[in-house]
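The same chain A turns up in both complexes below, where it pairs with chain B and then with chain C.
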Partner chain A sequence: MSTAVNRPRWTRQLAGLIRKDLRLELRTKETVVAMVLFAIVTLTIMQFGFGTRDDDLTRFTGGLMWVTLAFTAVLGVGRSYVAEREQRVLDGILVSPVPRVVLLAAKAIAIVIYMAITELVVIPVVGIFFVKGPYWDSIGWIALVALIANVCIALSGTLFSGLALFTRARDLILPVLFLPALVPVIIAGAGATHAVVGGPHDMSDYRGYCLFLVGYAILFLLVCIATYDAVFDD
Partner chain B sequence: MSARGVGHVYGERVAVADVHLDVAAGERVAIAGPNGAGKSTLLRMVATLLRSGTGTLTVLGEELPGGARRARCGIGYLAHDPLAYLDLSPRQNLRVYADLFGVQDADRRIDDLLDRVDLIARADDPVRVLSRGMAQRLALARMLLHGPRLLLLDEPHASLDAAGTALLDAELAAMHSDGRAAVIVTHEVERIASVADRLVVMRRGRIVVDERVAGRGPAQVRARFEECIA
Partner chain C sequence: MPSSTTDHASRRVIGARAALIWGVIATVLVTVASVGVFLVAPEDADQGVIQRIFYFHVAIALVSLVAFAVACVAGILFLRTRNLRWDDVSVTAVRIGILFSVLVIITGSIWAKASWGTWWVWADPRLVTYLIVVLIYAAYFVLRSSVDDDRRLRFSATYAIVGFVSVPLSFYSVRVAQSFVHPVVFTSGGANMPNSMLIWFLISLAAMLALFIALLEVELVGRRTERALRALTLRLESS
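And now, the complex of A and B:
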């Protein structure tokens, strides 16, 4: 039986893998729902844990938001290969002619989407819980830094989840590797948020933190391209 | 495919050592041996899922690991597991693989295959609710989806139902004429006479016998196999 097979285009492979991840998520709703609930619970605990109703936590908004998002990212990234691992599909994917960096890109884009959905809830909740004074005018700036930070989180997270995939203690190894790698993202995300909410409204500070995040994303992109073949094929 | 002195080590345990094996176009080779003989490890190396630590391995004219991506375009791999997402339907699973392998006219091809493996009526149910036999028939469809030139089958009859077994045997029988090759790892020694041209017996990671079985009956093949592993 002969079938028309061309050398597969990576764009089609990438689109197919992203479509697959989103279909799985739409059907199971396991990752995004868990991330959103986890973030809300964490913010609620912080709201009770830091001060009383009358305390003004506006200047801590950036830190509270990005610590919450970092822990939420660990949860989401930790689930990124669950279907492949638990349903033992990985061999089927790896025996196909898909470049390993396309696997990375597909997982990273899925994580960016999951994080963005989570932030659609987290960013307003942070405003309601912690901010006294103007907040909603700065939503666009917060969304922009969140978008850049999501790319950072997705690239580093996909690399570390790929590494952890082949270890026995993967549930321990992933946070141990991934959270320290997120510290620069937390610092820059919190710094950029502070620059526009509760801080000096210094846009040069904001730009600096965003550029730092772009640099982080480029660095991790290069590391991923250099190592992802070895992660899966060695 | 051609293996020249290939080997693989798990930690300190030698799984495959100094294997020399050639499989020509149109040839069907059965690999048998006791548990832990290295059969599945060798198959996974040919499937590009494991790297050989020694020697050279050439698959579909591509030397591994450098040519692995090109070789993968022509490999069909059937494993113990169906390699399917349980929360997607058979149609959606095949669509994923069609995208990965660059299959043209994918929708028609997927429908044809689902019809051939008698899953068209369950094409949109999640794989999770299918029986084991149905899931393995889906695996058969997945393996054939891109028209591979080299089939690698790990215990293919173990979880196939009667319909799947008949389809697989027909596929293997047709391979002589269209020049495709197959490597079949199996414990079902009696089947070898009907599905393979050659018997390779492995023991402790090495090939101890490599001979033609064409014209022999199941009992003769079984007797020869037991003689080899005694």
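And now, the complex of A and C:
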């Protein structure tokens, strides 16, 4: 009898893990629906928190959008490992010969997809709710910066949710760990949005913020690769 | 084994002598720096006496970055060796780093009030980013206290590394975010101040660095003593 183990290639492992996450979400629809609803409720609260019904909040659009997306990300990232832990799927994955970095990549890609779906609703709603003036011409630029920011959110979020998963009071710990690390993403996302909406369309500023986000993503990618083994070293 | 030999060996393991030596060095340097900064260094023509806070403000800021770097390196060494000594160094360095960062914010606020008439300037990315750095490292202790055993050590080391990623982001933001509020004293071209000020700044920096090492050594002695005491109690209970 042969003792050789036919280990699937990492690409198949990655595809399998992403498929598992997406199928779980398609069946339950718990995370994405909650994220979208939460974002819309938050945007509604923002209108009344920042001004009366007649105030023009165009110049605060970037901030309103990115604060909402950051809080929504905390919600989504917080849910990312919960189903697996509750059903003990995580134990199965951890004892299987799947490299930890593949687990990281699968989770990060799933979070990018959840965030992108949420932004498909949030970005137009922000334009309808808050912007008095040209907005729809810039929506492509906003989508681009949102895509880059999603990678940043997913990489740091995957790492922090892995840490928070094994703590007592994990729902409380995650925002405390995750939100301070998200501040540079909020600053850059809001800055890039301001550069194209309600401002003078300063594309050099926009490029600078996007490059900053790319740098953030690369830095966190390296940290995740270096430390993810230690997080799940059980 | 004779008791004097045991005492000598214990002291060597605990490292009390190094703490004492660094304590003396730090005391001397802090005294020299304080006298020099307040009595000898020339007064700034624009800002007057309040500019003297710069010598400590910037020195403490730089040393806090060193503390977080030490915590990060100790975290990496812990994950590689699983030696408890590196966990002690990492957690102690984070604790002192937070203390120094809070001092940066307090001295920065005092300087801001005197120079710009307000305690807090949101337009200044360095002050704001130091606040974020404090929040990031404060979460280190929240995380550390909410996990147990082996995970506590691993997660603390991991977070010390992750937290240090925020430090270059903080430092870089001063240059990238185009602050026109905070005076940029050190540029890529070198120090933007006369030699009579630079010498006292360097002495203040050395004093703060020595203070950091002394605090680190004292805290490590405390931790090693506690561990030795616990081991001794266990041995006595089992015999």
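One rule holds in what follows: the second predicted complex is superposed on the first by the 228 of 234 C-alpha atoms of A that agree within 3 Å, B and C clash if a C-alpha of one lies under 4 Å from a C-alpha of the other, contacts with A are read in each partner's own complex, and residues count from 1 in each chain.
To be clear about the criterion, a residue touches a chain if its C-beta (ideal position, glycine included) is under 8 Å from a C-beta of that chain, and two chains touch if they have at least 3 such contacts.
This one's a predicted model, so the numbers in the text were calculated from it and none came from an experiment.
In the superposed pair of complexes, A:Ala83 makes contact with chain B only, with no contact to chain C. Comparing chain B with chain C, more residues of chain A are touched by B. Residue contacts after overlaying the shared chain place A:Gly16 against chain B, while chain C stays out of touching range. In the overlay built on the shared chain, the residue A:Phe212 is in contact with chain C alone; chain B does not reach it. By the document's definition of touching, of the two partners only chain C reaches A:Thr227; chain B does not. Once chain A of one complex is fitted onto chain A of the other, the partner contacts of A:Val95 are limited to chain B, with no touch recorded for chain C.
Once chain A of one complex is fitted onto chain A of the other, the partner contacts of A:Thr44 are absent, as it touches neither chain B nor chain C. Chain A residues 233 lie at the interface with chain B in one structure and with chain C in the other.
Per the touch definition, chain B reaches chain A in the complex via residues 47-49, 51, 65, 68-70, 72-73, 75, 77, 79, 81, 83-88, 92, 95-105, 109, 126, 142, 144-147, 171, 174, 178. Chain A contributes residues 159, 163-164, 166-169, 173, 176-177, 180-181, 183-184, 187, 208, 212, 216, 219-220, 223, 226-227, 230-231, 233 to its touches with chain C in the complex. Interface residues of chain A facing chain B in the complex, by the touch rule stated above, are 1-9, 12-13, 15-17, 19-20, 23-24, 27-28, 83, 87-89, 91-99, 233-234. Residues 79, 132, 135-136, 139, 142-143, 146-147, 151, 154-155, 157-159, 161-162, 165-166, 168-169, 173, 176-177 of chain C are the ones touching chain A in the complex.
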